[in-house]
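Provided herewith is a single structure, encoded as structure tokens, for subsequent inquiry.
Labels run A, B, C and D following the written order; every chain starts at residue 1.
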Amino acid sequence: MAASEKFEQYDPRIAEMMIRANAAATGLPQYLGVQFLEFQPGYLRAEMPVRSDLITPMGTLHGGVMAALVDHVLGCVLYPLMKPGQWAATTEFKLNYLAAVRGGKLVAESRVLAMTKRTAVVQVEVRNDETLAAAAQGTLLIVDPPAKREKGEQ
Amino acid sequence: MAASEKFEQYDPRIAEMMIRANAAATGLPQYLGVQFLEFQPGYLRAEMPVRSDLITPMGTLHGGVMAALVDHVLGCVLYPLMKPGQWAATTEFKLNYLAAVRGGKLVAESRVLAMTKRTAVVQVEVRNDETLAAAAQGTLLIVDPPAKREKGEQ
Amino acid sequence: MAASEKFEQYDPRIAEMMIRANAAATGLPQYLGVQFLEFQPGYLRAEMPVRSDLITPMGTLHGGVMAALVDHVLGCVLYPLMKPGQWAATTEFKLNYLAAVRGGKLVAESRVLAMTKRTAVVQVEVRNDETLAAAAQGTLLIVDPPAKREKGEQ
Amino acid sequence: MAASEKFEQYDPRIAEMMIRANAAATGLPQYLGVQFLEFQPGYLRAEMPVRSDLITPMGTLHGGVMAALVDHVLGCVLYPLMKPGQWAATTEFKLNYLAAVRGGKLVAESRVLAMTKRTAVVQVEVRNDETLAAAAQGTLLIVDPPAKREKGEQ
């Protein structure tokens, strides 16, 4: 409740739709096998299995997998908070790798720290089983759908 | 020449081997289609095509692809500069997205800013055709092969 | 209790000593007027007044003040967790400014996310009255006192 | 020339005015002793002495000094590129410390990587004598003067 009061709007139907669409993911999220598990206002929990083909010859998860997962959940936490048709584009983020990942699954939690009509700052924590494996912080730009953008300035 | 003097060692055979192994990539680098094009001491240039299945429904490249590419070249620039058997683990990086990417290819240039026996700081610029599309900066840990690690402390 | 179990050691006397030494600060911390208020294992809370001479002609706090405060508390949270004589050197950090600051005071909270014998990753949140004004994340190197360093390699 | 073509406008009179105003600095820049040395389109070089009172008991420059210097030059490089009355607010930056600083002076170079009407991404390198001591990258928001802001949305 406190969390939802922080945000101008929260549409649980968008959250439900994103969870129902897990099986229909395409592109990078499909390749990684990311599944959305839970949305709350300003919060998203997602997970992905650490497949053996994502492990490097050194025996640990390719860092790019973690980076891609972080980018994905950084933006997706915002969809239920935005107006229909708007989308979230990452403008920057920073990621610290905290523990080597060798198997199991990754659980990513994405939390909105601050949000205006145009931008949001989001933090992500990724756990590998019980270990904190990565922490990230980034900025998203909230982009209007094309029709609206033509009238305003980008 | 000036560049090679900055580094204690540079083994062009490792660079050649990494380029020859482009076709044998597995896992995330294979999925992305990253190809190493050129190594110099403290420098790596790599490219990948922007395949249509990496484009989001909003018409632009998934940010996670860029993040994964950046992580990959951040570490790979170090291999010809390290001792045989050592590997480079990203400990952190920061990425700014500078332009939306809609097609064509990405060319990533990775440059070593500073390097000690244990760590390196590396910058990456990614161009999409002629446009600077991303700039990143990160830290790598240089990890000894397992045999050596047993004797020392990690 | 849970927090203290995360860390190998916590010396409350060092924490007390740092709080008692508030009035004896020199250099940049003295200029900024930073005061340590509370230590717990892996946690530090500090504050500083937003003096009018730290405000730019645009009417808001100079961003460098926030950056300096963040760097200061990033490292200082570690002292009660380290061995006597060790010190914490920031190797990198990232800072998001979340709200303009025009007066009042800044309260910075610094929390250790992960710590090994040699490094720590720390997050900082800075509030201006009740508003979250900045969030940061960085890496510290734990450096042995000179005598020890002579024997080992840096 | 190539550089100036990248930017919509460059007003050398603003650059000159900022250099002439070095002696009139107040607040944090005055405390640090930062002096602007040279502007070019998208480029600023500044320096500051490493005064002994900025050195910590461990014998090295307080990291907050470096962070404050970086924040200062990140934004100031933009003034000759902006419209009169606009100002640059740092929204985020990331800083890697590359070498301990014990004396001498710091020379900071700030370069604009990308700029739109509303934002800019800037890189900073700081040298201590000939050693690269820090590298940073950050985002600035270009803010209209108050009169204009009242009409538009913030």
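Operating definition for what follows: a contact is a pair of C-beta atoms (placed from the backbone, for glycine too) under 8 Å apart; a residue touches a chain by one contact, two chains touch by 3 or more.
Owing to the predicted nature of the structure, the values given are computational and were not obtained by experimental measurement.
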Most remote chain w.r.t. Chain B, using mean C-alpha positions, is C
Interface of copies chain C and chain D: same or different residues on the two sides (over or under half shared)? same
Chain centres from averaged Cα atoms put chain B and chain D apart, in whole Å, by 29
Taking each chain's mean CA coordinate, chain C and chain D are separated, in whole Å, by 23
So, in whole Å, the Cα centroid of chain A is separated from that of chain D by 32
Listed in rising order, chain D residues that touch 2 or more other chains are 91-92, 94, 96, 139
Listed in rising order, the residues of chain B that touch chain D in the complex are 94, 96, 98-99, 113-114, 121, 123, 132, 135-137, 139
Interface with chain D, chain C side, in the complex: residues 26-29, 31-32, 53-56, 58, 60, 62-72, 74-75, 87, 89-97, 100, 143
Given the complex, residues on chain A that touch chain D span 91-92, 94, 117, 119, 139, 153-154
